[in-house]
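Below you'll find the structures, each written out as structure tokens.
Both complexes shown next keep subunit A, but they swap its partner, so subunit B is in the first and subunit C is in the second.
Up next, the complex of A and B:
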């Protein structure tokens, strides 16, 4: 999220073909295509969890507490006798939902702030950038934890806290893009024909600044999943009995010696999801980086 | 140079002021107020007189701006208040736990350097090979997998399946150096792999950039062996980002320490922070947030000044 994304703006008029070229570059990037594959599978699992799961994630069987893997329960059962495999499938819903909504919220906030700062410049820009710098001093996880604790447990509060601390990267990237784009002749032309600043931002600047924001969103989804599971692991976030990877991992950790899969399997799912989004983000960045383009580094 | 340092210092002070406001605001967000939250479950909280007395004692009956000014004044003077949970002096709590967390950070940094530099160099030298792809994937995995899961997997493998190291616990170095190192082996490794992955990626791209420079071509053209070119001319300038990445990853390490110290039962600053957050022990929570932010701020400031010293263009632009 805070990593530097060096991306050239897509030239106006060629945006459709440029986007197609970008998609092609991402698919040619081996790690990115692996990431896309994993994300597709996870989305499928999240959407069709009720059809794929052999049991309800809430059905308890207290006679089969912490059962080892078997034909009936592929990954065994948890401490309340619930089917672990079914709970993992349902857990994908929570993580992907939080990941996508949190990063969309922080992107919306950050892009709006970055646009205003970059387009106006001067005092407004200086003030906004100092505030952004202040927010960048906060290790996000610690502040999200503190905010979630202050607001009380629950997914909504985690997402809200994430948006409050996750917008800075987007604001910086957007501002950087706007500073480049606003000097281009077509913006001057738009001003000359009397377009309002709002319309110039919406119609001309934003569409041309989309590419690096996309990279940041992809990486932020992974970060948000990591933070949601981390917050749930420490006891805030999702509340029982909702199935969540972070929560399962935490409870499973207590039974590590007797039922290792109880904590290892949810952790694997979290890692897979985060790695997949980072692979795609990495591929997108390579595909968009003007320094790497054509340097033989894109096809990895 | 002095002007540049002055400007950076002023920026940092403005940011610090904003940080203190934000930290104060977070504590205010606790529904009801912090004392009510801390007293939840306590029979006395139903006694209005007791609640009023405690609120007066902590200054919570004052207007919000006064509360902020008093809190800031005390904080700057080193009076960080007393913990609501334990009744200890907060500054003493910090000083007591700081060496433990610093030991964890020092060990983690050693692991990060030991993993990150060789992997980054090999990745750059064997660019686009199968080995490079494997290492790149490895570094992304190292950066991506959550510290808490990595810790659990390693505890399962090295403490449960093959009992080589203790699963958790802390023994002070002064008490038993060998047992201390054995107990810190896993926590430092878990904390170091994330920075190691990050470092490897920066070293790889930095070295690749250096290897594309004209003077490297000149070195090759004058007949130096590839080994001499790399060792004598490329590695040194390629290592510039190492200090930056290590410095900047300390902020991330602090967040990682929150998990690592909880999982491995290490009584450091991270565990204290988590406990404070959960007990809504707001004097400890506020102090933790300020110290964490101050740490990042100071590291950023040093990196900025170092860059200004190393690269005159940065000074001029600022």
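Up next, the complex of A and C:
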């Protein structure tokens, strides 16, 4: 047989597991590591809020209403004399929970629908796509507000309303990916080894479509946090006395001139969280491209 | 069809018998017949080449054998593909899936895009084994390593954890060949397996395929436009033009005594060491006819240097012109 077998060198330092490689790539991405760091801190705060908060978020001290920042109250107090810092820490729980759960719900719904549309094509595809078009005619906040109002106030209903609107984006992304990937030669090769359409879908199409979906999920977390803020700001969503950044922002808004920190601080937290999720989304997008993986190509 | 007569001359019954296979594509401009009533046989341990210029229906034929033509727009309009007593065009979807990759494997033209970029080589190599042989875990690993070794991939244990993009084109195609051979198929269809690769790699890969044919009695349908490859590896050659087989003979015959003007033209396009020195290469003038408006008569007549009246009126059929040699040309009929 041929003696001159050409051998490309095995790339050095390849990790065993693809997941490890992915994590490393995300960490190599500067913005993404910053984002991940912020998210890690926020998650830590959310989980350990009772331990970290100097006061209970519900204890009122009506003698110290709208107090300015001091050693006792780092960010001052709110209109009912509750410690603002403690309320912000507790607020992280609501915001992160809503953000992550509602984007996960939308993604689950949207990816399933998008796969069905892209893979079947034809009439099913046309119907699903017209439905998503119809959804896109609504301004998101108005739609979610209307849904939340119809379902009644409360956090679950905000998340549900968000998923009922948010799936359309995931469905479109997934469908587009499926349409593109199912024409690639390796799909034909998979058919040629006798794979069934279902398995081709699961093993070859979905994993290749996952990159933009994951990116969309992280960015949707940011959007969901913003929507929760908006809905809470407008009075639906979280009900008092539960602390949420959106709610704080709303109440603080009234006292913008006398106690600017009351609305500024939750506003900053919201921005921070949204930006962090967007950074991670960016980093993931680069990291998930297997052609860019490794070799430290993604250094931003 | 006349295609039956010559091939039945070989003693063993054909492993794969293709009869009157016709494939249509519905386009906006009308129906295009990409493959037009072609018939040929494939015997165990034989390398049969399907030769012709781009767009003559070689790849479409290959895909049609495994019913891989995308429908729509494609459609297998008629014909029969006999394999193990069954007509592959009639069996159920589940049955054809059992045959694909297991009994009839296919190797595609471009290895760079025929492997899924998100999985390691090892995992993809294991797919047909899992699908058809029910191999899992250690058994599958062992078999994959043996396969990688059999296609001369060094350090298979490390290599199987690599992703396709970390392999060179030649290595990727060797993986594809290993995948094709993994279930010990009766037939391998190789659709221009070396076209996307550089010349030094071509011989290695074709020798791998040849070794498989020699050692396992696999039949190989080699689709190519490279006459050099045909001369070196093929036992039998079917020359295709405009969706038809215009000449069919043993490889030696084709090169020594081509009978169809198209084959003669093709051979004049390639340099030969055994030809007279100083001979110029002569391309075949013109283009194949427009598939949407097929001509009357022989599809080659506008480009044929020896065409005469009859060629413009009626299309010639494949007819016996020698021992195991058929050609579709009126010149042969005239003698």
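The rule is simple: the second predicted complex is superposed on the first by the 234 of 300 C-alpha atoms of A that agree within 3 Å, B and C clash if a C-alpha of one lies under 4 Å from a C-alpha of the other, contacts with A are read in each partner's own complex, and residues count from 1 in each chain.
By our rule, contacts are C-beta pairs under 8 Å (C-beta built on N, C-alpha and C of every residue); 3 or more make two chains touch, one makes a residue touch a chain.
As the structure is a prediction and not an experimental result, all values here were calculated from the model.
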item	value
Contacts of A:188 with subunit B and subunit C, given as first, second, both or neither	second
Contacts of A:196 with subunit B and subunit C, given as first, second, both or neither	second
Touched partner set for A:68, first subunit B, second subunit C, both or neither	neither
Partner chain(s) touched by A:50 [first = subunit B, second = subunit C, both, neither]	neither
Partner chain in contact with A:208 - subunit B first, subunit C second, else both or neither	second
Chain touching more of subunit A, residue-wise (subunit B, subunit C)	B
Contacts of A:240 with subunit B and subunit C, given as first, second, both or neither	neither
Touching partner for A:121 - first (subunit B), second (subunit C), both, neither	neither
Contact residues common to both interfaces of subunit A (with subunit B and with subunit C)	none
Subunit A residues within the subunit C interface of the complex	1-2, 4-8, 10-11, 14, 16, 18, 184-186, 188-196, 203-204, 207-208, 290-291, 293
Residue ranges of subunit B in contact with subunit A within the complex	11, 14-15, 18-19, 22, 26-27, 29-31, 127-128, 132-133, 136-137, 140-141, 143-146, 148-149, 152-153, 155-156, 160, 208, 251-252, 254-255, 258-259, 262-263, 273-274, 277-278, 280, 285, 288-289, 292-293, 296-297, 300
Subunit B-touching residues of subunit A, taken from the complex the two chains share	30-31, 130-131, 133-143, 145-147, 149-152, 222, 226, 229-230, 233-235, 249, 253, 256-257, 260, 263-264, 267-268, 270-271, 274-275, 278-279, 282, 296-297, 299-300
Residue ranges of subunit C in contact with subunit A within the complex	66, 68, 96-102, 105-106, 108, 110, 113-120, 127-128, 131-132, 152, 154-155, 158-159, 161-163, 165-168, 170-171, 176, 179, 200-201, 203-204, 207-208, 211
